[in-house]
Each structure stands twice: as C-alpha cells, then as structure tokens.
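In order of appearance the chains are A, B, C, D, E and F, and numbering begins at 1 in each one.
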C-alpha cells in the first residue's frame, strides 16, 4: 500500500475529488495547509509591518493499493494540470498496513 | 519506529487520547481534516448551488516504537469502535528516525 | 527521498522557514496542528466544565533528497532550540517518489 | 435517512399557515388602520415616540444577538442551527404577534387572556392606554420584540439536539399559549396587574417563563450524546462576547424603553440596568477567581447577562443600592445554579434555566425587596422599605409563573413530540444540526 | 505582475481628488454655516431631531453591515475586499455627498438634476423644506447614508473579480451620475415627484437603481473563473447572519426614519418594515422546505433582506395587510429570480440583482397597488384602493429607473474599463482579491 | 507555575472591594434618590432626553467594539484577553463611576478635583447644571460610558503581555487618579474650563490622556518577545473591520451626544464627525497606495478611527471645512506616527499612542485653529478665525494633559508592578494570555 499526498490549489479540489472517485477510491482525506514551492507568496503589509505570505493550499491524501499508484498519479495530473507555476506536487510514501476500525479488517481490504 | 495515523470522528477524540495515554505515550499530534470513506457526506445547498459536503474528521498521529504498534492499534479500536459506518481508519507507515529538538536525542529515545 | 516533519512552537515558524531556505529548499508545506509531548496543556474551564487543553503547534513538512536530511535536521535544531520543554520533535520517513504536477517530472528533479 | 423524508410535514405546515392567513385576510375589513396619522395626535410626544421606537429597534437587535451569544457556545457543527433558532423566531413571532399575539396579550379580555378583537392590529391606530404619549403602533412593535426574544431564550436549553420542525411548532404554540397569556396577566390588565405585582420589563413574563420551560425541555429531551464524557465547549468565544455586548446594548431598550417615554424614570432604569450588569459581571469574575484562580471571558459575559436578567423586573422601581445588591446576588445564585447542573447531570446545554430561570426568579423576588416609591411613585415599596405585602405578591407571581410554564411545556412537548417529533436521530446529532437540519456548514476554506 | 505597477494610476487619482478639493475650498467663502445654531430654531422639534439623528446613525451602520452580509458569502480569499468595498464607499460617498452630492440631489435645479449652489453644504444651516422640524444638517446626514449604501449594494454582483481602483472610480462616477439624479427625481423636487410617484424610502432610487446596474456589471464583467464548475460557497455564514441582523436593525432607521419625524407615520413604517421582513423570511424558508426539504439559515437571511427591500418604497403608505402580501410576494419573486441566474448562467455573485433589482421593482409596483390614504394622508391610494392611475405612475418610474440605470452603467463601465480597468487578471483572481488588491489576509493562526 | 499561585492576590482584591462597597453602603442613607421622578421635571425635554439616552447606549457599545477592533489585531492566542480587557472595564468602571467617579469628576470641588459629596450618585436626581433639559441620571450615564472607554483605549499598547490582575488594578487606579481629575478640569468646572479651553467631546480628557499613558506603558513594559523578528500580524481582520464599524456608529453618540440635546448643534457635530472620519479613511488609503501601492482594509479602518479621534474635541465648534482639514491631517500625522514606532522600536502593540495620543493632540490643537462661533455661539473662535489666544489655551491644555498623564502613569505603573505585577512571564506570553490568564481558548473545532 502507498500513501499518495497531493498538495494543490484550493480551486482544483473538486476536479481532483472527481478524478479519484473515477479510479475507484471513495476514501479520501483533505486538509487545509499553507506553503510555497516555486510559486512564492505576495508581500503583505500591516501598518508598516511587512511579511511574505505563504499561499493557501489543499493537501489531499489517499491510501491506495500498490498497483493503483500510477493510475492515480496520472488521473491527478490530468485533472488539475494548468501548466502554470503553483499546480502542485504529489508525494508517494510506503504504508505498512491499514485498519478499518469498524470491522477490524486489516490490509488492502481495509482500503476500499 | 512507526507512525500511526488514525482518522476518526471528532466526537471520539477524547476517548482516543485516553486510550493512547494508557499505553504509555504522551506525545500526540492532532489535526482537523475533512474526508469521506464509506460514509458519504450530505448534500448542501446555497441559494440553489448544490455540493456534496465532506465530513469533518480528526486525524490523530502518534509515532511509536515498533513493538508497540499492535498494542496501540488494539487500544484505539477498542476505544472508539461503535460498529457504525464512519468509525474511521488507521494507517501505519515507517519512520526512519525521530529527533527531540530540545536535546538533540535521536531515535526511540526521542519518542517518550 | 525523505519527508521531514517538524512539530514546533508557532512562534518558531519564521526562524525555521529561513533556516530551510538557507539549506536550499523552497518547497515547504505548513499546517496548523495541536498536540502535547512532555509539555502538557493547561486546564481550561468553561462554566464548570474542565478539560485539559492541547497546545497549538505548527507542523512543517518538507521532502528532501536523502543526502540533505542531516543538514536540514541540524539547521532546524539550531534555528529553533531554546532548551525548554516544548521545543518540538522531528520525524523522518521514507518517500518513494515525488511528482511535479505542472511538468510531470518525477523523483528528485521534482523537489527543487 | 429519516430527515430526507419529511417533505409531507413541511407541506402540511405551509398549508396550515397559508390557510389561516388567507382565511383571516378575507374576514378582515381593510379598515384596520382608520386614520392612523390623524386621531388624537395632539397628545403624542415626539420625544417619547423617538425613544420607544429606538427602544423597539434595540430590543429587536437582542434576538439575533442572543443567537450569536448562544451560537458561539455550541460546537461548530451546530452554530448555524443555534443562530437560526433566534433569527427564525424573530421572523415567526413578529408575524404571530401582529396577527394574533398582540390581541391575545393586550386586548380587553378576562383576567387570564385577552380576546381576538385586536387581531391583525385592528384598532392599533390609537395610543394604547398604558402608553398614551406614543402612537399605538409604536407600543405594538416595542412589545412585539419582547414576544420574539422570549421563546428564543429557551433555545439555550435544547441546543444541539432538537429538530428544526419540532422547534418551530413548539415555539409557536408556546408563544401563543404561554407567553401571550402571561403577558396579559402582567401588562395587559390581567390577574398579576390586578394583584399589584411589579414587573417593570419582564422578570416573570420573559425570563422566568422561558427559564422554567427551558428546564422542562432539557429534562424531557434528554442529554446530548456523550454529555459528561466528551467536552462540549464553546467553539468561538469571540462570538459569545460579541453577542453579550450587543445584548447589553439592546437591554437599554428593553429596560429603559419600558418606561414608555423619555423621562427621569427611563434614565433611572438605564442606570440600574447598567449598574446591575456591571456589578454582576464583576461578581462572576471574582467567584471564578476564587474557585479556579482565573477570571474568564465566558464568566464575565455570563455574569453580565445574569445581572441584566435579574434587574429587568426591578429596573424602574429600585435605586442604585438596590441595583448593586441585585447584581451581586444574581451572579451568586446563577453561578451556583450552573454548578448544580453538573451535579444533577441534566443537560441544560447553554444554561437557559441557570441564568434566565434562576436569575429571573431572583429579580422578581428582589423587586419585592428593594422597590421604593422614591424612585417610582406609580410603583410600590418593597419589604425593605416597610411593605412586606409586596414581597408576598411577588412570591405568588413567581410561583404561578413557574407552575404555569412548567405544566404547559410538559403538555406542549408531548403534543409536538407525538406529532412532528422533537429530538433528532443519533446520526443527525453526530453529523450536527447545521448539516442535518439545514444542509449547510458555517465555515469553509 | 501587473498589480505591482499601478502606482501611477493611484498618483493620478490622488492628484485629481486633492486638486478639486483644494480648488473648491478656495472658491468657497467660509460662511457656509452662518448661524447654524440660531436661525428659525423655534420650529425645530427635539423629538423629531432625536429620531432622525438616530435614524441616520442606524442607516450608517447598514453599509458595513452589508459588507459583513456580503463578506460572509464570498470565499475566504476575498472576504476583506468585499467588506472593504462597503466600508470604503461609506467614506468615499460621505465626502462626495457633503461636497457635491447633496447639492446635485436636493438644491433647486431642473426636473432632472439639482444645481451646485449647495455644494459644500452651503445653506444647510436652515431646515430643508421637506423636513421643517429638524435641523438642515440632520436631513443632510440622513440622506448621506442613503447615498453611501446604494453603490455598496451593487458590489454584490461583481464580488471576487473586480479591481479595487476600477471599483472606486466606477462607484464615484455612478453615485454622481446615477444616484444623485435619480434621488433628485424622487425626493429633490424632480420629475418623479412631480408625477406624483410614491417612494417612501427608496425603492427606485436605492434598490432598483443599484439592482439593475448590478445586473449590467455582472454581464459585462463576465463570470468568475470556474463559475458553474467549482462550488462558490459562503465561507462564513455566521458573518452573513450577523450582517443580515444588523441590516434588519438599521433598516428601521432607513424606513421609519424616512418619516422625518417621530410620529404615527414613523410607527407605521416601523411596523410594516418589520412585518414584511418577517413574512418574507418565513416564506423563503417555506419555499426551501418545499424545494429541497430543508430551510436554511442563508435562506432565512435572504428572505428577510428581500422583504426589507420590497417594503422600502411602500412602508409609509401601506397597512399591515399590504405589508404581509408584499413580504410574501417578495420572497416568491426573488427566490425564483435567483434560480433563473443558475439557468441563464450569468454570474451575479451575491444576487444583487436577484434581490435588490427584482425586490425593488416589486416594491415600487406594490406601492402602486397597496398604498392607502388611511395610512398616510399625504400619500395616495393605489390600485386596490380604487386608484389605478397610481399604479401607472409607479410603472413609469420603474421603467425609467431601470432604463436610466442600465444605460448609464453601460457607459460608465466602458469608460472606466478603458481607462483604469475593471477586472483583475486571472492570476489575481486565483490568489484572491485580499492578497492581490490589498496585500492582506483575513485570517491567520 | 507562577500563575497557579495567585489565589491569595485575588482574595485580597475581592476583600478590599467588598469591604469598601459594604462600608459605603452602611454610611449612605438610602435617600440618595429622593424624588427622582418628580423634581423640576417641567424643564425636562423628552426629545433631548431620548437623544442623550440613545447616545449613552451608543457610547456604551463603543467599549466592546473597541475590544473587537483590538482583538482582531492581536494573535489568536490573545484575542480573548484583549476583548475582555475592554469588556471588563465596561463593568469595572461602570461601578467605579456610580460609586465615586462621577462625584470626583463633577461634584463641586476645587480647580483640580471634585469632592465626595455626590458619591453613590447622591443628588443625581436633579438635572446637572450643564445639561438642564435632561434628567440628572441621563447625564451621569452618558458620562459613565466616556469613563469606561478611556482606560480601554490604553489597552492597545500593552496587549499580548500584561497580567490580568495588574491590568485591573492599574486601570482602576488610573481612572480614579487620572481620568476623573482631567474630566473635572475639562467639564466639571475645573481649571481647563476656567481657562476657556474647548473640548467638545473629549480630545484631551479621553484620547490624549489615554494615548500618552499608553506610550509610557509600552515603554515600561518592554516589547513583546520576538518583537521585530517574528511577524505580529492581525489574526482576524473581519473582526477589526466589524469593530471599526461599530466604533464609527457609536461615535455619533460620543460626539453628537455631547451636545446634550437633540438640536442643530448635535446635527453639526454629527456631520463633522462623519466627514472627518470619511476624509481620514480616504487619506489613509491614499497614503498606503502611494507608499506600497495598495490600499488596505486595516488602513481604511485605522484612518477612520484616526479621523474620529481628531474630530472629537472639535466636532461642536468647527464647520465642514474644518472637519475636512482635520480629517486629512489626522491621517497624515497618525500614519507617520505609526511608522516612527517601527523606527524607534518601542512596542505600542496596537498603536494606542500613534492613534489616540497623536490624533488626540492634533484634534485638541486643531480646535484652537478652526473653531468658529458661527457654528457654536457658546464656543469661541480659533486662530484662523482671528483669535490666536484660543490656540494658546489649547496648547496649554495639551501640554498639561500630556504631562499629567505621563507622570501619573509612571507612578501608577511602579506601584502596581511592585505589588501585583504587570508583565506576564515569558512562558505565559508564549502560551498566550487567553490560556495563561483566563484558562480559555477562543476557537475550537
């Protein structure tokens, strides 16, 4: 199993959710984060105090079977790519096991 | 070391915190997320615009020694299982090392 | 590639961001979390109902090349250590791959 | 899921309302306002009118302010439903009042209830006898705002677990069958007025009636799921403080406006209101500092509201010393009433009983202690000014109000619960009322 | 990036403003206030003055309240820009009004526009003939607040995609060339007044003018990026409810204050205003319950505002029956107007047209239906009281207002778009107006 | 931890307060209100009374509004403590005022301070000579609200690092020993009044006194930990805008209410207040646009408040031209004062000195420039109207106020710091005052 984390523009969330649903995963977790990559923030100013803002991003996170990883990545890229800086990043990391609390099922069965 | 992530109902947070404390871990991180699994959201409607809501969930995250993983999972399941859809998921993933910033201690010593 | 997660005091965020920038990473993700470690919360009370508060923390997360891991850890510790309880923790975990959505680049190229 | 299948109930409800509205419209001659602008306008004081109109606006603001005050105290998933309970009642009772409520409360009737002769504000073009210097409609609207806020006060007790439909039906019935009659007893020429009871701005009729009904509802509905185990903690205290501040602001209209003119009595009510609120806020903070070593913002706000509640019946009858003592004791009794709740484990979610029931009772009794004709020659002296009789009268009204509100709420709860339903399902409660009852979420990134 | 290079535009703007202000200051003799405090003070009624001053303050509060109402409905990244649009206009129009707007609207002129003779409030030391019992400046300030809120209403249609500079220029031009003339037509002795049109508190001049201009702007600016695909959902409904509540509160000043005195007419306007708002809120909730099985808090707030809009022109001419019917129909038409938007896919972001354009039109027409001299002997009867002529007059004013507002907005949009620019770039829109236009973020941990 | 061990301090405090209250209660005869409602009621104007009562309510609202304005500007962990500082003072000073403050400020005394003869409002049943047309208690309460907001203004300078206990003690002492005397100098028949100083609504007594004390406190308390390194940025600008809007709204009561009647002078003050606020908001936005290419919402709000501060002493003496110029210069000086802070690196957290100290000084001086008897025949002409003497008088009062406030604050800080303690520990500051001082958190999911 792998955990796929995508850090994206807030406005791309809907398209991403649909893309993932189509691949067949209903379990999805979303969180509000801030960040910057190549795309830098804008200078903010409050009564003379200046700071560089971080940008609001959405982190969407889905744990999938190993064999679905590349399918999901492709689906995500297609759904949200605009070609502009700020499109986002995807990180894939290993997951040892998963548990469905309700039933106690373990492993890939717990995912779907 | 393993990282245990549990995505649960907000109302189960207290019971979970206590369960983990009993196993002997004081270090815990909690974040507010949204998601859906088998349990789907509800249709929201705003002046005619409709969307399907995500549900508010809590992601609780604790890094533990390898040998404590199954103890923790068991404790979590016991504490928060209701048998209803929406009980949540647990994901376990590997952690290479941990550092306590205050002292610079590394590895399992840094956990407790 | 490794994912470095640091859970720190909110007031240390600026120093941390600068430290990471100096090591050469512009891609950074920040999220607001709550937690406790050795440092416990304070008792809150609302019309007689008491709870122990969790403390507000910042989780900062950066994915780096394997060879930069120890540099980054050192930089973080230097930047934010006060020697007091509550300085925070760093966790390092493996990342299988990274993708830049804009270009489709994979692996370490996608990081910088 | 159950809450997706209730269309038929709504339909029935809409039908019933439309039916009665249209029916009444046909029955009514359109002459309801004959000569509003002329009439005995020579006796109208523009200063008094300005003050009462402003006061009506201030009291109107209190109902949504209460929504914010309560809304900040619930969990995030229920904030809209809580604010909406107040906001919706402002709308619903405003309509009920002009159609039938005003008539039931103020038109000539027997000792217990008015008649229907002033329905649809017929005859409200001339000044009400109890406010001869202002236009009749100014009095109607001032009183309307009292009727709107009273059932909204109750909503503190059943927050986070009531069905919206059940809430609407219950509140409309309650206002018609509990508030309107008690209002008639106190201010509409009814039994309390005849007994010589003193209630300047609504200790019994507003706060006790709602407070005791709130207790009954909390008991009948049962506790929220997880009550006592999971913390149920205010989700936004800045909202609570904003609401409390606007309540304090609006309460000047409530209390000083009840002088029904811009005069020395209004100024006295203004002063006692502000003083009691301030003293009670300080007292509550002191109690907290003693008990748990820290004064809190929720405490300061709670104290202020407790003081405002307690001074309400007394504000036009007592002087500064009375106001100070009423304020101190208000916080003492309400603070402890709230702790009692924790002991007896009933779930009066936002302490509607602890503050309005207890505070209102104390205020009504205190009026019988501290009232003095030095302040208001149309009032009476209280026990401490040599007139124990007044205290007895107050005692009787307190008992009657508590009893009537309790019994009626039992009956109305039973009726609504059997027909429309009162409590949401466990799943709806878990999801939160905002989503399950209204299909909305309050906050979004 | 483009928005970093606009310094020169700002400089020009500041220069222009400073230039004209200083120029006018030099021209003006400093005697503009000769004997404010003496004069014909014998006819001044302190009660009426108190009421109108309070009303002016209440109406002032409506503009920021509108900002909150609208601000809660946009996405988080645009909340400050939305609130600021209202707040800034309060400042900008307050200055425009005392310098030139009041004169254009109210000073003697022709049928279409006033003159410049009352610029800088010259002569405002004596009571305005239409309000003989209050000081001239009280009338000026009361009217000032109307001028400030009207362009702010428009901002609901172009929220989330307009340049701040373009917005400022457009709004100042619009107020001077659209609001001020129409105000003159209706209340300043102009053509509508001569035709005998009835508009008690601004159905045409405030709501229709802004509503139709809003529609034009929404069409000309185009939809927000992603409109129809991504949900564009209120980010904080507690803010929306707070704003709506304060609007309702302030509207008593708007409508009942328009009686320009504390009298029975003001009380009538107060009652009809509250009743229509309440009825409309209930109606909207019922429609929602029918359509989607759940009444929502956004719906209740929208309904209340729709009712307040519709009763505005009628409040001092109709009785309770008129108010109830106006409220019911207001929600019916506005609710459906908003659904139309979804069908025709234009992006009136916050339904400025759907509520103010449609609601204002209905209100202006309804005044011609339900007005009755029983309520206001200085008014006239409407169609249902045997005077079809009045309805025709109202129809004409409605048509003229819609036409004039539409055409002028087309022209002004074109001018401002070509010079300063109206729409932000796609990147600025994505980032949000708070950051891109104001260099700020609303919320922070 | 230190903050868990302060029970004894609280106990002492409660004891002291109770002791004095009870002591005074025993000493006082209960006849304090002899014949409130009768007396010379023939001279009371209901219109003036209505206006002053409403104004008192409006000014009351300003104190919590200030709390929201300030509360939005601090970091999330300190928002409750900041709002509570204002809310608590509303309560604490309301009590101080009716017990002793009113007497110290207004009862007959010497040139520097009143006596104790009006303690517990004894004799307030008859109109105050300076407001003969309204009930005495209306004047008392109107003034009460001024006393409450003044120390709250200071709280902008020490936000995010002061102990609650220290804050409470300091504020009570400051009000009694700084505000009450200066109030006596200006309005209570004291030295400023005898010198012929003009201060219509409190430029010296409210804004300068608090502003200079704020500066002293900021310097003595030292900067917040991390000041200049970590950004300390408003956590919720919608709260700031809400607070600023309510302040603007309430300021009509503050300034126009200071006419103590509903008349042309009140209307003039209303107009100048609104105009100066509007002009200053625009000016601030222009300055920002010049400096950093973007006008901001925090800037607009700050400008409006600066304008309101500056017009306060002048509003009843100047005409529209004066108001415009005062507004422009207010933003110019306050904007730059705030930048100075960044240069000199003292930590006036929310610019209480930069806005109230500097703005108040400019307003007091400007009154000596622009005052004209055309506007207020009971006033005087200023320098620009041929009377340089008035400017000199204003200069003297400005100097005296700044000096007295500075010296007294130094002394009081020293006393409170040595006894109760003023600054929180570094750990408490890191955790935030909400948790460490009040055991609460503002927001929760």
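Simple rule for what comes next: a residue touches a chain if its C-beta (ideal position, glycine included) is under 8 Å from a C-beta of that chain, and two chains touch if they have at least 3 such contacts.
Just so you know, these numbers come straight off a predicted model, no measurement behind them.
Listed by label, the chains touching chain B and chain F alike are A, C, D, E.
Interface comparison, B-D versus A-B: the higher number of contacting C-beta pairs is recorded for A-B.
Distance between chain centres (mean CA atoms), chain B to chain C: 18 Å.
Per-chain Cα centroids separate chain A from chain D by 49 Å. If you average the Cα atoms of chain C and of chain F, the two centres end up 43 Å apart. Centroid to centroid, with C-alpha atoms defining each point, chain D and chain F lie 33 Å apart.
With touch defined as above, residues shared between interfaces to two or more other chains in chain F number as follows: 45-48, 50-51, 54, 76, 231, 233-234, 236, 242, 262, 292, 294, 296, 298, 439-441, 445.
Across the assembly, chain A contributes residues 10, 31-32, 44-46, 56, 84, 86, 93-94 that each touch 2 or more other chains. Looking at the complex, you find that chain F touches chain C at residues 76-77, 225-226, 229-231, 427, 430-431, 435-436, 439-441.
Contacts from chain E toward chain B in the complex involve residues 231-234, 288, 292, 294, 296, 298-299, 302, 338-339, 341-342, 351. Per the touch definition, chain F reaches chain E in the complex via residues 45-48, 50-51, 54, 58, 75-76, 233-238, 241-242, 244-246, 248-249, 252-253, 256, 261-268, 270-271, 274-275, 277-279, 281-282, 285-286, 289-290, 292-298, 300-301, 303-304, 319-321, 324, 372, 374-377. Remark: chain C residues 3, 26-31, 63, 93-102, 104, 110 touch chain A in the complex.
Taken together, the chain B residues at the contact with chain D in this complex read 9-11, 13-15, 41-46, 53, 55-56, 84, 86.
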